[in-house]
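Have a look at these structures, which come just after this line.
One chain, chain A, links the two complexes that follow: it is found with chain B in the first and with chain C in the second.
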Partner chain A sequence: MNTFVFAKLAATTILIAIASSVVGAPAAAQDTQSAGPLVMRRLTQEQYRNIVQDVFGASMVIKGRFEPDPRAQQLVAVGSSSASITASGMEQYVHIAKGIAAQVVDEQHRDQFLPCRPAAATAPDDHCSAKILAKFGRLLFRRPLQEAELADYVKASNVAAARVGDFYSGLQLSLAALLESPQFLFVHEQMQNDPRRSGSYRLDAWSMASRLSFFLWNTAPDTRLLDAADRGELYTNDGLARQVDRLLTSPRVEVSVRAFFTDMLGFDAFDALDKDGMLYPNFNALVAADAREQTLRTIVDHVLKQQRDYRDLFTTRKTFLTPLLGSLYRVPVATPNGYPQEWVAFEYPQGSAQAGILTHASFLALHSHPGRSSPTLRGKAVREVLLCQKVPDPPANVNFENFEAAQKPGPGQLKTVRDRLHAHASEPMCAGCHKVTDPIGLALENFDTIASFRQTENGSAIDTSGELDGAAFADAATLGKTLRENPQAPACLTKRLFAYATGRVATKSEGEWLKQNLQVQFAADGYKLPGLLRRIAVSPNFYRIDAPEALTAKAD
Partner chain B sequence: MSRKELLTRRGMLQGMLAGSAVYVGLPFLECFLNNSGTALANGMPLPTRFGTWFWGLGLHSGRWEPQKAGKIEQLGPELAGLERVKDKINVYSMMKVHTDGRPVFVHFTGNMSQLTGTVPKTNTLALPTIDALVADAIGTSTRFRSLEVTATGNAKASYSFKAGNVQQTSEASPAQVYARLFGPEFRDPNSATFTPDPKVMAEQSVLSAITDQRLGLTRQVGAADRARLDEYFTSLRQVEQQVELQLQKPAPLEACSVPPPPGEMPVGTEIETAMHTNKIMAGLLAHALACDQTRVFNMVFSEAGSALRRPGNPMTHHIYSHEESVDEQLGYQPNVSWFSTRSMEAFATVIETLDGVKEGDGTLLDHTLLLASTDTGFAKVHSLENMPVLTAGRAGGRMKTGIHVIGRGDPTTRVGLTAMQALGMSLSSWGTGSMQTSKTIGEVLV
Partner chain C sequence: MGCTSPTDTSRVRRDTFRRLPALASCMLALGCAAAWPQLSHAGETKAFVVSWFHLAANSTDDDCPQGLNPKGHEIMARILAEQGKSPADIVEIMKGYPGNYPLYAVKRGSIDGKPVNVYQNPTSVPDPQIKVGRGRKGFGFNLDGRIGPDDFVDPQTGEQGVDNQLFRAFGCFSGLRGTPTSRPTWLSIQWDMSRDQMPAWLIEISDVDSLVNDDSVELEIYRAREPIFRNVLGEPQSFMTFQVDPDTRMHHRVKARIKDGVLCTDVFDFYMIADFFLQPEFIFKNARLRLDVKQDGTLKGIIGGYSPWDQAYLGLAAGESAVEGMVALDMPGIYYALRRLADGEVDPQTGTRTTISSAFTVEAIPAFIVDAKSDGNGLTVNAVRQEPAR
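Showing the complex of A and B:
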């Protein structure tokens, strides 16, 4: 990154605070070079929907089911790099594609979408099909269609139109084919020799455009970004920076920030979240949906709109609530307009137990059982999700004798979950992992499985004290503070963000880049997310490819 | 039906003009062939089906096994639900998973070793599961190569994997299973008229625009991604086949009838909900099989680790399995046993549902082989000893039923091997390492 770019940004008044926060940061000395392999990612359900919305408008109805997006290395983004498509998944993609295409060509919509009309509605029309398929093919395949490709789709459209005796039916089927094609469903990365560095490879311009667009907007490149790719502008620092800043200053960046945190926090598990209906009749799908939204809204406001320190997410008493969440947390939430389901900015009072996203229902309920809380699951989640630490799997043969004896009613009975888990901690086979997870989760035991606050458990007071990697805490609020001060927390964020952006974990050289440069700059920046987003997006490292030998011969 | 035949047929159909009624009774031919397509099988013209049924957390040793080997006289209390169908099932006890010292991934190694024949080294699978092998052998000509459903409400509850760690997705909603099976794409074998839709013919030609790009595309990617693209094209081929089948009038099937739609219903891990969903799914599968929409199916009643629970009780089946003590007087965990017993009742429901469909000289169950497996023996300690395995159905006359087989520490793969042989697959051994076996369970084969 050079000072010329910085100066340019500083001079432009229309750019908002993002630019100024970057100008404030120290100019990066030559970042260490890094590179990684190509990946081929399957579109996530959300990306698919975003693209369809962008290309065909928000009124497009998407009917059908998507295969679940698999997770790998704690992220759906990484799982997408190994996901393929099963027969039942393909069935659904075909069904969805035909449904979308039918709407595009129907009488209400064709004026809006189609740049031309056939000579006769009952016959094929080469010229018009080509025009339409080229237009949509470019947007859906995220690059211009090759001549032979386009010819194939036009021919298919013509054959279909002739068979049915209707131009629009033929067009519907070939448009659907675009949406069913692996060129749409998978994001293919292509590389080429880097002319600036002999022996080096880089993504080609359209692959750069895709990577950038999915990173910052979680969707396919728009026409302006595709145009920039066509003209080779993304190969220049200026051209790239221009597009990066255009994307970063758009409100659409919120879509990707949401998608990132949804992924990182494992919110796809909300789909299968089940709480006992008899014990917790008030916790239903509506409450769960609000709980999920509460956390995402809080995060987006904090890191993007207010541009505050990422680490403060673990201590902030500010959040957003609906009346439904108000009754869950037992706080009064008055909506300004009196509508029953409105989001209201809310701040818990000083000294409140509710501080930081660890005390949100989204975290607490997701990492609990249907009928009771789980310090172990919560502690494990903090380790794996927020600190990027791996907790080993439980061993196969577990000895529960001591534990069971103490479960029986009587004077020795274990009343609180802390007491019960302590039995785990004293058994050598169990202690190794449980001492890593349980103290964290036990701090959150004032919150039951649906995040309702409680002072006692089975009549016994709840002891929430513990320590995290040597730092002591007394309760949930101080746990949040301890987590905030843990250097693994922001380090983990950069690792996850990088994996989200590339669809894979960092290579050795990229790991160095993260550690020596990105994490250091993130800290110097006050842990503000936009700067980190920009630094990744404009860096040549983000687009440099380390080609495996097998593909070397095919470059360019 | 071979790929070559299908291609020729496509060419033939493309030559025909749209709009004229076409009768091409190809599945009729298929019906008279046995599973390897070579000769009449046992004089029975009906296809044999294979299904897997999965339940979590095993059974208590000593509480399910019939006392003696051979004809089942008395079932253990946890199998009480199967009493009415005990002459239609086989029970295999004292089978185990031999891990050869590989790490045991809890609620994974047990079930996936059984289903793939190999103890996984990591938590990803190198090999396909038995149902994928069977589907390759007997499932290639039907509309669906296989169907995966679950009673758990979770689409990720699936133990069906194709090669390359490709997990099949389960249908969790009966209403969606119905729409998929009997929606507009369904061709009723028994309907009097059949008019192929010209739009469907048009769709065929359009799909080939995608497949034509295969070579160019796969040349550009590395080996791992090529495998994923191959999987994509295999899946697309399946869709193409479905489209082709839509253009053919299927031969009439006496046992086939379209059920009424099940409507939306709640799904989840509450025990009664799961039992109900299991029953509805079994019914839909029975119709799907009778109408030859598929010949291979996979049902997950409860997941490995079993999240089954009772309302108002914070202790789930899984939590009970670890935290409930073995009752000193009874000698087992009463609440765990309760869930195990209910699980076996659910299996009985599936068996009885298939048995309730008259087909040919017998019932649908007679022409099916159902394989029931689980993830543990004694769940409390994640034991892989004495892992209960059951089969049901006569596999088109190739399997004897009502038999208890005592394994004496044999790998569970003996059952899988025997099952595949009963389905007419020519293999003499299955599995790797200490899970490898060539010891067919002769007692149960005809």
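Showing the complex of A and C:
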């Protein structure tokens, strides 16, 4: 190892120690080295909107329908890596792009958005077109346009301007083309040789900027980050740390934290959530929206603003409510103006059944049926969403006769869902999975399908006792405490965060890094999320790329 | 058995606003299918928001022996005849009904030979002698302590001498008829269309040891600062939170008792600002309230008392020809009938009766009521949820 490399390694170690001490953790050992493959991710709808808003302003109206964001490995962020665009989807992107471009060049906005005016509005203008397209191209493609690329867009703009006799019409065409390009719609990662490690690869500077910005702000890199990439600063530990800290200390990091937990908790399912209006008339689209927002506000406040222990999300009595949510939980929620969807901070009293996000409507209602609760769905969600454990899908030929017969009123009626599930689980093909899901979900049976509290079901008392991986609990509140103490909960968060940041699940070497370094440091840090975000973002591992098979074969 | 009309005249007038307990009034209906709503502890407070409020009607097949009052087109034909139109002209003009109804109806009144708005001047036309109800069974209370020839027998309680002359005045208009299971059409439309913007009405029952039998509870009625919020079925959303309107004119407190699940109050005076589409004010003097505490945690009952009959008229006539034609309500006829049937207070100066006995159906659903006090930063929120007894 030569002197230069050794010095660089020492500096890196010092920086990591400094960073760790800044966030209150003891100096950490150097990260285990790891790497993973390149991915190409389609922009999610939210990312698309964020980028358009950042580049063109909040007044930009986006009209059109987006392709659904697919989910894979429990995350939309991972699903985006395998998403393409259908023909009809492309039509919509074209439609949306034309609408945006038209607004940028219209008389109301052109002076605000465009950095120059043409010499004549009725004719092409090479210089002005190039200036405008270079500016927007860099922001939309998240890297400088290559000379040939820019020339193509300018030429197209000029040809159109000449034909129509209007500079702005020509410009509109090329602006729309930028927005329709796969270079915009997909986050392309580019790799290069890593000069610090012979035979190894890393993301190029602009790909680093993109990965960092989508991770911490859920949007494309801003001008300052692109400038840092242009200057090569992201290749240095100091330069990278400077940008990471800038992004982390911005209020915009809340956007990404929201996006991450929305993804991890599966909140896109709210779009299709429905409850039987005859049985539960108090549940409507506004209540559903508030339920989703309640959990996100609680999480953001807890992990980001208060910087508290992530695990306490399963036990905290503090939350935010609107009067509409109060009608669901049957608690008074008085607000300054009395609006049904006005938010106030709220704390349930000591000993309340409502403690932790498992008792939020966002969890309870999302993982239930339209007309009744579901311990199985709720237990499955705890396992898969919060503990990263896979529950097998039910077999295709499940026999529900026992379960359905047991619900019918009459002498043979099994009054509580616990009794009915017990009857169902007597089927040998069903017992195995229900054993790992139902005890967890049954702890939440004091809450019906819309999260209203109840003590009985069909006149019989509800038994909420159970155990989770050997740890007993008595009810929802103690389930939350049990989950808090389960080491899989913070480990799962780390895995999901990494997958969210990279668009794929961890490789074997990355998995070791998560386990041996990140999770250990997360624990030492008191499970504070900002520290975890920073560690991932400043670590060289986050930007290391596995050599593709073709290249290694060639090298061989 | 229901409430007997109390002889106790210890009326609790609209009280000076008393600060509500710091803890929010909470109610927890557990949805128990087969039992009364549970109390968490003795001396609990239950809160409700009024979901429905309309004339307590008990229309029967035989309560209008002369038939129902004329329909809208019949009223118009009569107006045209009174205005001297020939039968041929009437046939021709009726082709434009109902669109042309206002042309002939609004200014059909006459004062000193000049046409006037008949709804604002109902005595500017002769009394059309509308048909009024003649039934024997009607909801309400024996307000005057007497059993008279015009009184009803309450079909729910069997109480005799029930005074509800308002029901008689309205009872033969098809748009105002109703039964315990079918609300009077126009009156319920008025309430339904008002309640999205009209501040809600609140009922609070405190010091409750039992919702079945309790010989001493306190009932308070307030106006809220917020209107109701509708659920997916179009009904008011239950368990919403309401802040008490500080206007003490609409703070009421009265003693009550619960027997066999029926709450009955002492006598009190009731005043509530309502909505111009409904009725500007609701006033019940010498009022009493009877509410069934239902097993689903809701309330349903009757409030009865003497109400200014001109308010009842305004509540309908404000809609002028639109309501008169659409709902077939002969407005001057209603005015004359109310004046004729009024049986309440006498104006010492004019010698005429100014109030009429009436009874209204009240339905209420669980809610939360909180004190609208400010600590300078907004409202103080005491978000305490009563846990069920374990």
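Miscellaneous remarks
FYI, the second predicted complex is superposed on the first by the 509 of 556 C-alpha atoms of A that agree within 3 Å, B and C clash if a C-alpha of one lies under 4 Å from a C-alpha of the other, contacts with A are read in each partner's own complex, and residues count from 1 in each chain.
Note that in this section contacts are C-beta pairs under 8 Å (C-beta built on N, C-alpha and C of every residue); 3 or more make two chains touch, one makes a residue touch a chain.
The structure displayed is predicted, hence computed values, not measured ones.
On the shared subunit chain A, the superposed partners chain B and chain C are arranged side by side without overlap. Judged by the touch definition given at the top, the superposed model places A:Q389 against neither chain B nor chain C.
In the superposed model, A:T249 makes contact with neither chain B nor chain C. In the superposition on chain A, A:S509 contacts neither chain B nor chain C. In the superposed pair of complexes, A:V331 makes contact with chain C only, with no contact to chain B. Residue contacts after overlaying the shared chain place A:S200 against neither chain B nor chain C. Residue contacts after overlaying the shared chain place A:G170 against chain B, while chain C stays out of touching range. Measured by the number of chain A residues touched, the leading partner among chain B and chain C is B.
Remark: in the superposition on chain A the angle formed at chain A by the CA centres of chain B and chain C amounts to 80 degrees, rounded in steps of 10. In the superposition on chain A, contact of A:P70 is made with chain B only, not with chain C. Legend: residue contacts after superposition of the two complexes on their common chain; A:M278 is shown touching both chain B and chain C. Across the superposed structures, the minimum distance from chain B to chain C, using CA atoms, reads 11 Å.
Chain A residues in contact with chain B (one complex) as well as with chain C (other complex) are 277-278.
Here chain A touches chain B in the complex through residues 37-38, 40, 65, 67-68, 70, 82-91, 94, 149, 152-153, 155-157, 159-161, 163-165, 169-170, 173-174, 176-177, 180-183, 185-186, 188, 190, 272, 274, 276-279, 369-372, 393-400, 403-405, 407-408, 449, 548, 550-551, 554, going by the rule given at the top.
By the touch criterion given at the top, residues 277-278, 281-284, 321, 323-324, 326-336, 338-340, 344, 346-349, 351-354, 452-456, 458-459 of chain A touch chain C in their complex. By the touch rule above, chain C contacts chain A in their complex via residues 24-34, 225-226, 229, 231-233, 235, 237-243, 368-370, 372, 378-385, 387-388, 390. Of all residues in chain B, only 18, 103-106, 109, 144-145, 148, 153-156, 162, 164-169, 171, 176, 180, 198-199, 201-203, 205-210, 212-213, 217, 219-225, 227-229, 231-236, 238-239, 242, 268-270, 307, 309, 311-316, 319, 322-325, 380-384 touch chain A in the complex they form.
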